[in-house]
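Two complexes come next, and they have one chain in common, chain A, joined by chain B in the first and chain C in the second.
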Partner chain A sequence: MTNPIANLQRVSADYKTMDKKDKKRFWTDMILNNALYILMAIFIIYTAIEQPNFLTLGSFANLITQVAAYLPLALGIAGCIVLTGTDLSAGRVVGLTAAIAGVFMQKTDFANKMFANLPAINGWWIAATLLAVIAIGAVIGLVNGFFVAKFSLHPFIVTLSTQLITYGIILWFFALNGNNGQPISGLSAEYKNFVGGAMFRLGGVAVPRYVLYAVILTALMWFIWNKTTFGKNMFAVGSNAEAAKVSGVNVFLTTMLVHTLAGAMYGYAGFIEGVRAGSVAASTGLNAECDAIAACVIGGVSFVGGTGKISGIILGVFVLRIIFVALTMLGVDSSSLYIIKGAIILCACALDMRKYLVKK
Partner chain B sequence: MKKFFAIALALVMALAMVACAKPADAPAAEEAAPAADAAKVVVFWYDESDVYLSSVRDAMNTEFAALGITPDNQFAANNQTTQLDQINTAIAGGADILVVNQVTSGASDTAEDIIAAAGDIPVVFFNRAIGVDGADVTVLENNASIAFIGTDAPAAGHMQGKMIGDYVVANYDAIDLNKDGVISYAMMKGDEANVEAIYRTQFGLEDANLVIEAAGKPALQYFDAANTDCYQVDQAGAWSAAAAKEYMDTNFVSYNEANGNMIELVICNNDGMAEGVIASLQEKGYNVDGAHVVPVFGVDATDNAKALIAEGAMTGTIKQDAQGMAAAVSQTVKAIVEGSAPVDAIAGLTDERFSIAPEVATKLYVAYAPYTGE
Partner chain C sequence: MEENRQNPNPEQEQLPKFRGLYRHVKISVKALDRIIVACIAVIVILVALELRDPGFTITFDSRGGSDVAPQNQMYGELLEQPEPPTREGYTFTGWYTDAACYELWDTQNKTIETDMTLYAGWEKLE
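And now, the complex of A and B:
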């Protein structure tokens, strides 16, 4: 399987030995298994014909910028889905960490600064804030993981609870120090530059630094998933927790760590989100988990558990963002956008399940 | 059979994409024919379900059509990052002018980001504030390529407060259900962070009390002494009828006529919330024909609110002029795409409903008006 050319030769040799009926099945299987790619290709070609701006460098820069913004959340939530779970708290954790990063990063001379006595913004303070929000995300993840692992509660229930609790904390936080629920504004130039400063320009559109960070995070997650014992244990627990336990995997610790890692990713996403929106409001992060979960399932991270690849998650995020960008450029109203998104998630999962059932 | 089903699924998906993509490009093709220089106008709305903005959108589509412009409407589902993604995508798609109903109301930094992303493309902000406490004026002064069309945020609150005050003074004894000489009120706030909501919550009460106290009556008193905020807020920030109704339903459990502590007057940040409050009151037998009417005040003068006022179920609202807003935005956009600078486009508007803000020439106010029935 590792050598694609040898693999292709083997498939073509197999194909020659097939009779007519098998050949027909071979093609239908191939079309169905790759339906998503084929449809996306058709969709991209259609959009490019209707709206030539879609295939420009500037448009590509816009696309990868959006992908880089949505990827960290999907990478985090994917681990929970591999464990047959989910995480509904992701969006609110992003909101909370974005708010905390926001107040730490407000300009020193900003009139409506929430906490007046914070240190001046420099590299160390930015690094400390980044670590702090990642830690806060991780702690919420740890709480999720603990209740899931310790009491065998379904993650849906646990994370629904933490979602509500986190939102309560957000509202409380926004009312602190006479802020009265106002959006957190006046983010310092250093912070904005650290996250969103232009690395280079493609077709006149700046590519921000968080694209690079997303690449680094993706590489890190790939390493964790594929090259560490923890990653292998995660898949073992996801496919069959009982079997994993019998073969000596610490299910409790693995579940806790998966959720903690996910929380850390949300913390990072929150750090980015404030700069992306220009300010942080109490509603920041609302429903962010929906897009992340959708990206995962489109990319083949299955709710059946124990399956999923980092490359699939990237693909899923790309599919969602391509749909968004293309339909926005075509001027399709957003009601149809929701319908199309829903249809694609449904079909992608149905086709994915079909592969799974055939395997079984 | 299974295979057939799977193929059918894939087909449905393909059809959904093509079918939904088709109608939108049809007008674009028609538009290209009459005028070669047809401008690409993209309007970004903070949310699709806002009642008042839906009437603005309706009116605006008509206004634009009359001017030969086909706008492309985008909705951000109350999410600022979604809106920024939409804006960046529209810029990459060659938009000629951006008309923005900013999600995070009052965030001048977000407005600056949008302006920076737009570069040379003119931006017309409308309805939702792009700064608080004069920050919007700075943004407008620093950027010649933009304009703001909105309402003078405190004005609606002041007007609502005066309306409530006058009504209370004229009907004091009828409103005072438990005859304790004090009128207890409830306040429904639309969004914790929205400037308009904050001003309406503040002035709707303060100005009412000014009028009431000037007439020698005691000030309105919040019904729940334990709530020091003195308002109940839609936590989703959606100004929704549902949130207001849930609050009222809950309030009724401990505050009702039987306990002698019934809420005697309700002030709402908008008509949507007023509708929710009235629905709750009507379930309990108030505000219907022949029953006691608890005065409920809103802002916006939506069609539903006007109907409720006509029925006698609602007392008053402040007319937020959807037609006027739509006319102001579409005429400004038209002038800008024809080559005017935003400042000239704003100055060129001649309509008694509009007034240019005293602080800066690119900020236009659309007037409010009290409404208590035709």
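And now, the complex of A and C:
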């Protein structure tokens, strides 16, 4: 991976020395290992032919906006996958933090305001809300991490239960103050501008501020993963927890921190979700973790544990979004998209295992 | 029980062993290849089937008013202004995206992005 050109030269030199059978295997390996990318390329070409406005700057702006919205979740969950776990509570945590941020950020003069006596919305109040929702996400992540690390419970079980508990809390929250489960709307202009205000326009489509925030978060995560002791410990625990323990890594603390960090990312994702959707309902964030997990697996954050790169996660989110943007533009309805999503996850896992086996 | 019966020397086993989440998985490369091909086939077939009848269905729930026919629109198109429904003793206030009638659907500017149901808003006549 160090030098792509040298790599390509080496591969082509190898290819020349192969006999017929090996050549055939080389091509099947190549096609199968890149199956999802080939599929994406086919969809792009087909959509570009059918829908001329697919390959425009505006549609590209739409794509990076979507990627920026889905990236924080994937960055958070990737840490859990590196530890050979996962996090099923992500979507509901986004729902809860979106609801809380939404309530704090309702217009002061909005008729159906849930809590009437909140301070006027200014920069400090927005910053405080952002920190509060990140903290709430982090606390839920901490609970996940504690049970996973302390009792070696499988993350699937722990996060499934926190998912349900969080949903219960969401439903409680929506019933507060006689709100009776109504969606939270009437978000203030300051909040909308802080998250979704246009930075610049590409082909007539505004690129919102959260694209910039996503870039900052990605840089931060890259630093944490690659340049800190915590990041190195995370990969050590993921590839072999026993060996990491023997060599002096605090497995308990590392696991807790990974989940807490993931939770903080969901908190941030919740903060932007309300603006993105325009209002927050009890169903906000439903199944968001599926997209994030799929993106990670496509991007090579393996369930084998201890492997993964930030660049891979970005690539994974891009691939998934391109496929879905293309399919929506073609007019494939959302019920079929779920089946396609399921097939993509299964396919990505099979690819993940295949790469591991072939390498061995 | 399974663990006890396992071969003590993993190198002699036919199938390779995984780590992590896949540690109990026993599968060959050939079987994986079939799964990958099958998944891709499912996706392609599904997309092909969908493309015979593309577009999104917008259904109208008139909530007690007269029925409004569903529309089929492509991504990015505007809704065709539907005939406003009528209801005895009420005036029609517009189409809403939620049954509680909070979020009004702007038929002039908002473009279709997915399948959806719009709900009629009613105001009681005095």
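Methods note: the second predicted complex is superposed on the first by the 314 of 360 C-alpha atoms of A that agree within 3 Å, B and C clash if a C-alpha of one lies under 4 Å from a C-alpha of the other, contacts with A are read in each partner's own complex, and residues count from 1 in each chain.
Convention: contacts are C-beta pairs under 8 Å (C-beta built on N, C-alpha and C of every residue); 3 or more make two chains touch, one makes a residue touch a chain.
The structure displayed is predicted, hence computed values, not measured ones.
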Clash or fit (per the criteria above) of chain B with chain C on chain A: clash
Which partner, chain B or chain C, touches more chain A residues: B
Touching partner for A:232 - first (chain B), second (chain C), both, neither: neither
Which superposed partner A:245 touches (first chain B, second chain C, both, neither): neither
Which of chain B and chain C A:84 touches, first, second, both or neither: second
Which of chain B and chain C A:356 touches, first, second, both or neither: second
Partner chain(s) touched by A:303 [first = chain B, second = chain C, both, neither]: second
Which of chain B and chain C A:287 touches, first, second, both or neither: first
Residues on chain A lying within both footprints (that of chain B and that of chain C): 28, 32, 35, 39, 43, 51, 53, 182-183, 185, 278-279, 281, 327-336, 339-340, 343-344, 347, 350-351, 354
Touching residues on chain C, where the partner in the complex is chain A: 16, 18-22, 25, 27-29, 32-33, 35-37, 39-40, 42-44, 46-47, 49-51, 54-57, 74-76, 98, 100, 102-103, 113-115
Complex interface listing, chain A residues touching chain C: 28, 32, 35, 39, 43, 51, 53, 84-86, 112, 182-183, 185, 238-240, 278-279, 281, 302-306, 327-336, 339-340, 343-344, 346-347, 350-351, 353-354, 356-358, 360
Footprint of chain A on chain B - complex, ascending: 2-3, 6-7, 9-10, 12-14, 16-18, 20-21, 24-25, 28, 42, 48, 72-75, 77-81, 84-86, 88-94, 103-104, 106-114, 132-133, 192-193, 198, 233, 235-237
Of chain A, residues touching chain B in the complex: 28, 31-32, 35, 39, 42-43, 46-47, 50-51, 53-54, 56, 58-59, 62, 65-66, 69, 111, 167, 171, 174-175, 180-183, 185-187, 205, 273, 276-279, 281-284, 286-287, 324-325, 327-337, 339-340, 343-344, 347, 350-351, 354
